[in-house]
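Below, chain A partners chain B and then partners chain C, in two separate complexes.
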Partner chain A sequence: MKTELAKLPPYNTAGHLWKSLLFCLPMFLILFMFLSGGRPDFSDIKFTVSFLIVFILFNYLFFKILYTGKTDRYRSVIFILYAVFLSFIFILNMFETRDAMTFNSADMLQCNIPFCHLVISMILIPAALTNSIIFPGNIMGGFAPITSMIVIWGLSSLAIGKGFCSWGCFYGGWEDGFSRIRKKAKLKNVNSLFRWFAFAVLLLVAISSAVMLSPTYCDWICPFKAVTEFEQVTSAETLIKTIIFSSLFAGLVVILPVLTKKRMQCTTLCPLGALNSFTNKINAFDIRINHEQCTQCRNCINACPTLSLDESSYKTGRAHFTCCKCGKCVDVCTKHAINYHIKGVPVNKAQSATRILFVFSAFLFLAIFASGSIQMGVYKIINLITTGSLS
Partner chain B sequence: MKKIFTVLGFIWAAICLLIVLTMFPGLDSFSKQMAKLPFMKINPSLSGGDVAKTIEYESYTVNIHKPVFAALIGESSRGFVQVEWIWKDSIPVPVYDSVDFNMDLTTDFIIEIDPLNDTIKIVSLQNNVGEIEASARTGNGWIARIGLINEAKLE
Partner chain C sequence: MLGLSTGTSCLVFCGPVIVPYILGEGISVKQSFIEVMVFLGSRFLVYMLLGLLAAIVGQAFFKTELYGGIVTGSAYIILSVTLVIYSFLRIKPLCMLKNMHEIPGNQTDRRTLAVPLVGGLVTGLSLCPALLLAFTGAAAEGSLFRSILFFVLFFAGTTVYFVPLIFLGLIQGKNAIHIIGKAAAGIAGIIFFTKGLILLINYFSI
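Moving on to the complex of A and B:
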């Protein structure tokens, strides 16, 4: 560990206890403010315990990111927890309000379907041409309103670009989790051309949704209905839909990520992932390879979960625009040749400051976005242990 | 020049951090502003469109929506009209209604709802009125979408 740290560029927090703690202080204060709502009420012991668990965990992970110099290893802990707890809370909420994980035609006709960010890729063309949103949800108020999700996605895309897919998307955590189960990939050398599939899906669903005035990806394909909600099976059509999404969930979210150690659904099927790739173009941060230090060992190519690095990256010195800035390539590079980078800044300059700026922004976004679900999930588990009931 | 780009790059990165810091405290306010945008309304093909007429009965209220012929551009040749029955005090009552959705003073269809057996029937009295496309019992009433043919489009 010590020899590895010695190779790191200067001004790095890695291995520097006091410097790491100093950089943790603003995160500590900001997280305390956001997680407690500014006015902490510790009269409820269960709330206090769940708050403390989440608050301490988040701060510990941020400290580890700074102190060890590893980003992805600790980011993924919150990212995966977020996916699991959000699904847990979501399904619980569905059972409390509807007595089922399914929604029926009354929910559809009354526009009571919670909005999710994946729909954004389908509403853009109809919004421009029909001046309306093609989703049966709530514009404001209710559970997961349309405006809030669009604001969060839009601003986070400005701040961290496609980093949203690794630091905010509560579906990505499922695949990220499954892709870490095996130590080594069973299926190696996945063709990097697969990353273009998602763009084809984006094109297809954007056009079909516009023509049919209905979010076709949600209706027919979205595998994450398996961990949130889905249409009640009442006809042959809904049965086919159920078979499609459950097969895609099993194949692209569970089996292939386990075998390839790649996020295959995000890479090949997610229309928002494809759309988010373009937000990398308007964002300050990207991933760059320093030619002087790089030995072309392929560690980064093998590690990249979204096939955003290939042989051509060594020539161009950058990751493809599909990169979701998870930091896995940065973590595995023993030569510290691949790093977070701010556009306009020379590649080998201010690497530590760049990493801290990106990681601070991205971690803060993830921590605040995820805190509600994780805290609520912990609260429910404490409730279950102490009273035998989740509610 | 390199220095200028470096400084500008870091300013840009700092702005990104500021965006994250303001995103959540300002979420309510940003959402309210966004809701005011002209395209921030649910497409009538999903919401059922605006209510054109409300009729009050002793035991329930009927909302008849404007006919919807939604299409990406212009109007489609087929559409629907949404009708909602809201039971007073949420007590289910049988319904037998003559509906004039286009307000031309002639009945377009007759609807019969039997809440005990959860059934809904339609008798179409005009050529442009089709079958029930979707219907559902809600917490306090019933919603139905009755298929329509866009006569203007056919002409």
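Moving on to the complex of A and C:
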């Protein structure tokens, strides 16, 4: 084993221009294919401009990830843009189809509610027990169908585990963005035990959804209804629901991330985040600490946005299974003691190769998942500038 | 049949009360058996009283309207406060339990059984659709014996869904599970409080 690892070529691309460019080539080709749909048609100037902006941005950021050796710094740019543009496109779509951000009972009866990945944590048990999906959305076809979202989530879970939460979730970017506003945290030393709260939410919503055959989290709690769609206020019940999700959005997505520099909603409330933690168990990648290089400076603990690193991590040499592999801890470690790692490989071996393998898989997933929304958003903005209309 | 067919919906009302409690306490199978029995016992007591009430209502005031909104809403609010207090008492044992341990007679032990006792009483009083159906059915029976028997069978049918809760004690021992249980109790409390609030608002706005 040692001999085989020693024979591996030097994968360290940081500071190596030509090597970084060479590693960018596969991403360049795959992105070109996905963004152009395989058959590029550049007759529409607005499409061409939006295509070029997104294509260059994505390739530039991937190059920077390889060339600088920093992961989170450049990942977060796309991640945040993705969240903002997806909400922009989504709300625009709602206004085009319904003239409002709200939906009513008729939309639910006609199964016109777009499906989001958070619902997956609520539909699994009822689907197994009753062979039915407890969500008023399209199984296939239409806007955001159920099947495609489940397939994407399943494949990403296999490839990057809970990395989905930092490389694919189109809500996470909101908190990620707000958590970066302040240079230093106003509220420090957040108790890492708060990470278990999301599991309590998962427990409750899984039981209640299975028994009531209704996605209770979406119905009552989900704070991201504030940036997508929500039920029309027609009664005291819907009014209270609106107050709940608005308060949760303001508190857990905006205020607390700004004050703590942590992704508090992802950590304490998201049921899919809790479920995704278990996918880390079946995924090959994790984050490990090299005891020989670690000085226990706490930089990684302070940086971790999901409270997945604490004092116990120094003893075990690994992040907790709630880690979403954003790479922030890897970026801040001046001793290079914490790294991406492939299970079964010795901790201090093949670190650069492991990082490139993970970053390539994760970035490719993010690029494929996010590029369409960002490109469409850019297209709409160009349209607004040139014609004065978004549509 | 009514109990068996509607038992799952009863579990939604009562499950969130007892599941987080058992998970949060860090107790053995034997202890959780006692906890569940206390919970079910107090619930049974309420059902017997409801059976008695149903008989009286059936014989004398069957057509009188029940103020379900205010009763259920109040029950939810009382229950939610119980849950939230329980949750926060246990999450911060250093400040709250420390003082309680100083009281002669170790009142924390008494409080441990009081929670499932109160939980059973209050959830038994929560007029969920299934219980209202049972009440209507029992009242329609027309005699004291038949009304109480109706509630005994209704209790038996719904209790089937609570039996697996006893074995939750088997997965004790991990700090994380305790925290999840406590947090779930707090969240369930907030949910019940909200539901109670909505019911009361609806009741008073009519």
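Here is the rule we use: the second predicted complex is superposed on the first by the 380 of 391 C-alpha atoms of A that agree within 3 Å, B and C clash if a C-alpha of one lies under 4 Å from a C-alpha of the other, contacts with A are read in each partner's own complex, and residues count from 1 in each chain.
Criterion: a residue touches a chain if its C-beta (ideal position, glycine included) is under 8 Å from a C-beta of that chain, and two chains touch if they have at least 3 such contacts.
Please read all numbers here as calculations on a predicted model, not as lab measurements.
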Exercise. Will chain C clash with chain B on chain A after the two structures are superposed, or do they fit?
Worked result: fit
For this session: Give one of first, second, both or neither to describe whether A:T102 is in contact with chain B, with chain C, with both, or with none.
Result: neither
Exercise. Taking the superposition as given, does A:N348 touch the first partner, chain B, the second, chain C, both, or neither?
Worked result: neither
Exercise. Which chain makes contact with more of the residues of chain A, chain B or else chain C?
Worked result: B
For this session: Classify the contacts of A:L193 with the two partner chains as first (chain B alone), second (chain C alone), both, or neither.
Result: second
For this session: Considering only touches as defined above, state whether A:T48 meets chain B (first), chain C (second), both or neither.
Result: neither
Exercise. Where does A:I240 make contact in the superposed view: on chain B (first), on chain C (second), on both, or on neither?
Worked result: second
Exercise. What is the minimum C-alpha distance, in Å, between chain B and chain C after the two complexes are superposed on chain A?
Worked result: 6
For this session: Could you give the residue numbers on chain A that contact chain B in one complex and chain C in the other?
Result: 211
Exercise. In the complex of these two chains, what residues of chain A are touching chain C?
Worked result: 193, 196-197, 199-201, 203-204, 207-208, 211-212, 220, 235-237, 240, 244
Exercise. Which positions of chain B touch chain A when the two form their complex?
Worked result: 2, 5-6, 8-10, 12-17, 19-21, 23-24, 27, 30-32, 34-35, 38-48, 70-73, 82, 134-138, 143, 145
Exercise. Hey, which residues of chain C end up touching chain A in the complex?
Worked result: 8-9, 11-12, 15-16, 19-20, 176, 179-184, 186-188, 191, 194, 197-198, 201-202, 205
Problem set entry | chain A - residues contacting chain B, complex | 30, 34, 104-106, 108-111, 125-137, 139-140, 145-148, 150-152, 155-156, 158-160, 210-211, 213-214, 283-285, 342-346, 349-350, 353-354, 357-358, 360-362, 364-365, 368-369
